[in-house]
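I have a structure I would like to understand better, so I am pasting it below and will then ask my questions one at a time.
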Amino acid sequence: MKFGIVVSEGPYTHEASDTAYNFVKAAIEAGHEVPRVFFYHDGVNVGTRLTVPPQDDRNIQVNWTNLAKEHGIDLVVCIAAAQRRGILDENEAKRQGKDADNIAEGFRISGLGQLIEMGIQTDRLMMFGD
Amino acid sequence: MMEEGVKKFLYVNRKAPYGTIYALEALEVVLIGAAFDQDVSLAFLDDGVFQLTRDQNTDGVGVKNFSPTFRALGDYDVNKLYVERESLEERGLTADDLQEIVYEDEDDDWAEKPSIRIISRAEMADLMHDQDVILSF
Amino acid sequence: MSTLHTVNKSPFATQSLLSCINHVKDGDAILLIEDGVYGAAAGTGVSDAVAGKAGSVKFYVLGPDLEARGIPATRLLEGVEVVDYAGFVGLAVEHDRAQAWL
Amino acid sequence: MSTLHTVNKSPFATQSLLSCINHVKDGDAILLIEDGVYGAAAGTGVSDAVAGKAGSVKFYVLGPDLEARGIPATRLLEGVEVVDYAGFVGLAVEHDRAQAWL
Amino acid sequence: MMEEGVKKFLYVNRKAPYGTIYALEALEVVLIGAAFDQDVSLAFLDDGVFQLTRDQNTDGVGVKNFSPTFRALGDYDVNKLYVERESLEERGLTADDLQEIVYEDEDDDWAEKPSIRIISRAEMADLMHDQDVILSF
Amino acid sequence: MKFGIVVSEGPYTHEASDTAYNFVKAAIEAGHEVPRVFFYHDGVNVGTRLTVPPQDDRNIQVNWTNLAKEHGIDLVVCIAAAQRRGILDENEAKRQGKDADNIAEGFRISGLGQLIEMGIQTDRLMMFGD
């Protein structure tokens, strides 16, 4: 079965991104497919490479990046939500005249159409938020 | 599930506007989603019914007023806005406190019709049960 | 000595207003802000709880947040006073401490 | 055709669990996750509401979230079933759609 | 207000742990604040009482378990943890469900004493009313 | 009178940072002092210079930066909360081996002691959060 996943809250502040991560791992272990995870609302903040969590805590961004690499998951950060919250890739930074970007490896910025498309093309849409 | 066909998408709105951004960003999904030719409905229950009230004026708080956008939904062929009666009542509201939102029915010589449909809690449960994809905000 | 309590959550969604009401002292003030302003309306499922406390505690509501949400002054519970941001500042000055019911 | 409902808020803090209970259909399942797991305990101010619905709807609770919060299995309401993340995935597969009560 | 003296600081904890970060980050403020030699109290009411329960084990969720830190508060001279009885009762909890948290009383030959004090809702209201600075989490 | 202000939620997602901003403006207009605003929890996200809000919306970061410049307000972003959420200044980025920083003009990163100090040195502490 194909799962589409939405993460609606930022890392550490809410448990949503942890629950989503644990769900995706379990789904893949059970033989299901997770073609895409869509990060919306504060969820876009999961996709910054600038987090420095305490050494005795998990690194939520790195966990997602590794899981995506291993299983070919498309990690999509919503462009509209990301711009409001200051998550940019190199292209967007250039286009917006910003002098830095912060997107993490394995994440890409794209439009809300990717969320709808995910809803159409998967068998179950799971939302994790606040 | 209809692999090639049209899916029923329900956008569930349970939060008040302005205190948090969920209502506004839900509306942004609806507007983009309208281009995908799916069977779209919006549900307003609990504090979500506050999103549709008349005369919102955000000048004093300096936050963007997005309530006029609901009136444009008809132009995007989004015309099924289900509002739960019990949620209105608990909040001291009636249908008259909500904005007038209409669409032009192309199957009825473009007659102007109301997009808001007040339904009971039981009907809301039925509506939710009749969907392929439920997006919660 | 008295406290200014601020409540910024809808009373229909969370227990914050109720918990605040259960912990105020006579002579305190409760200011409803942000989504908390819905608690200032008459004829709702929570208006009895507010009205019941309005004898010993003074209720205020932030006008700009009321207007943003389209709540007309005519719908307010009797005795609830509307203030603007300057009035909010004034309430914080008048009382000895502020407590936010987040 | 049935729905898997997920509730991730404490029933003592918000109305999410109550609203979910008011909108489920017979044969649906409710899975309590994150701070929602507090709703699975017996002898609380909300356990009657959960127990009252447990006849027509199946309640599940996410074990890892229970353990994080130190809620022993002995405190769970009768009929509430503990699942792990694999069980969560299984429930999502078994039901026709998932609805998150955020 | 005492411009030069010691102020009464109350940290109000009303949220459950782990679902959100407020409980953990409140504790981080308390630990830093302990160095400032103010009169510090912690209040646990509503879902905040869940922060103090025994036997929390976060291995399964992969989130950091910060509950042992409460037991270290005594070493920071933070030993007034007020827990509201009504909040416990509504949640089906008793004092026995909470961690044992103690401090050594330097004024009583370093005798070990409990830091947790169960108080009524009315006493909680009195405590709040007796503060200079209230930090809410 | 001296006000200390705490902002506990991120920009746009919650109204908290808007309410705090309007409160601070009104306090200063009424002749009061606001020596410091402390950004904690997701409030640290107010201090990124990478946000690009829609053109018809307010720019929360720029508003704070301008208000602080005009009235000499110390905008402090909590270092522990900031590291978890990926808000860094140039020094922190270097120290943590990160290749970019995102702190906005007028904001500085410092410790939680600044929050306690603010509570001690001001007459009223006001918290704006979720």
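Per-chain residue numbering starts at 1, and chain names A, B, C, D, E and F are given in the order in which the chains are listed.
By our rule, a residue touches a chain if its C-beta (ideal position, glycine included) is under 8 Å from a C-beta of that chain, and two chains touch if they have at least 3 such contacts.
Remember, predicted model here, so these are calculated numbers, not experimental data.
Peer 1: Counting one step per pair of touching chains, how far is subunit E from subunit C at the shortest?
Peer 2: Counted as steps through touching chains, the separation is 1.
Peer 1: For the copies subunit A and subunit F, give the interface type as same if over half of its residue numbers appear on both sides, and as different if under half do.
Peer 2: Because over half of the interface numbers appear in both copies, subunit F and subunit A meet with the same residues.
Peer 1: Weigh E-F against B-F on C-beta contact pairs and write down the one with more.
Peer 2: E-F
Peer 1: Between subunit A and subunit C, what is the gap in Å from one C-alpha centre to the other?
Peer 2: One centre to the other, that is 38 Å.
Peer 1: On a C-alpha centroid basis, what's the spacing between subunit B and subunit D, in Å?
Peer 2: 27
Peer 1: Taking each chain's centre as its mean C-alpha position, how far apart are subunit C and subunit D in Å?
Peer 2: Centres of subunit C and subunit D (C-alpha means) sit 33 Å apart.
Peer 1: Can you tell me which residues of subunit F touch two or more of the remaining chains?
Peer 2: 12-13, 15, 19, 22, 41, 54, 80, 84, 125, 127, 129-130, in rising order.
Peer 1: In subunit B, what residues contact two or more other chains?
Peer 2: 18-21, 46, 61, 63, 133-134, 136
Peer 1: Would you please write down the residue numbers of subunit D that are in contact with two or more other chains?
Peer 2: 8, 12-13, 15, 34-35, 64-65, 84, 97-98, 100, 102
Peer 1: Applying that definition of touch, give me each pair of chains that meets it.
Peer 2: Listed by label, chains in contact pair as A-B, A-D, A-E, A-F, B-C, B-D, B-F, C-D, C-E, C-F, D-E, E-F.
Peer 1: Considering the complex alone, what residue numbers of subunit D touch subunit B?
Peer 2: Residues 1, 3, 15, 19, 22-25, 97-102.
Peer 1: So in the complex, the part of subunit D that touches subunit C is made up of which residues?
Peer 2: It is residues 12-15 of subunit D that touch subunit C.
Peer 1: Could you list, by residue number, the parts of subunit F that touch subunit A in their complex?
Peer 2: It comes out as residues 10-13, 41-42, 45, 48-54, 80, 83-88, 92-93, 96, 98, 100-102.
Peer 1: Can you list the residues on subunit A that touch subunit D in the complex?
Peer 2: Contacts found on subunit A: 1, 3, 8, 15-16, 19, 22-23, 25-27, 29-30, 32, 124-130.
Peer 1: Report the residues of subunit A in contact with subunit E in the complex, numbered from low to high.
Peer 2: 12-15, 18-19, 21-22, 54, 56-58, 130
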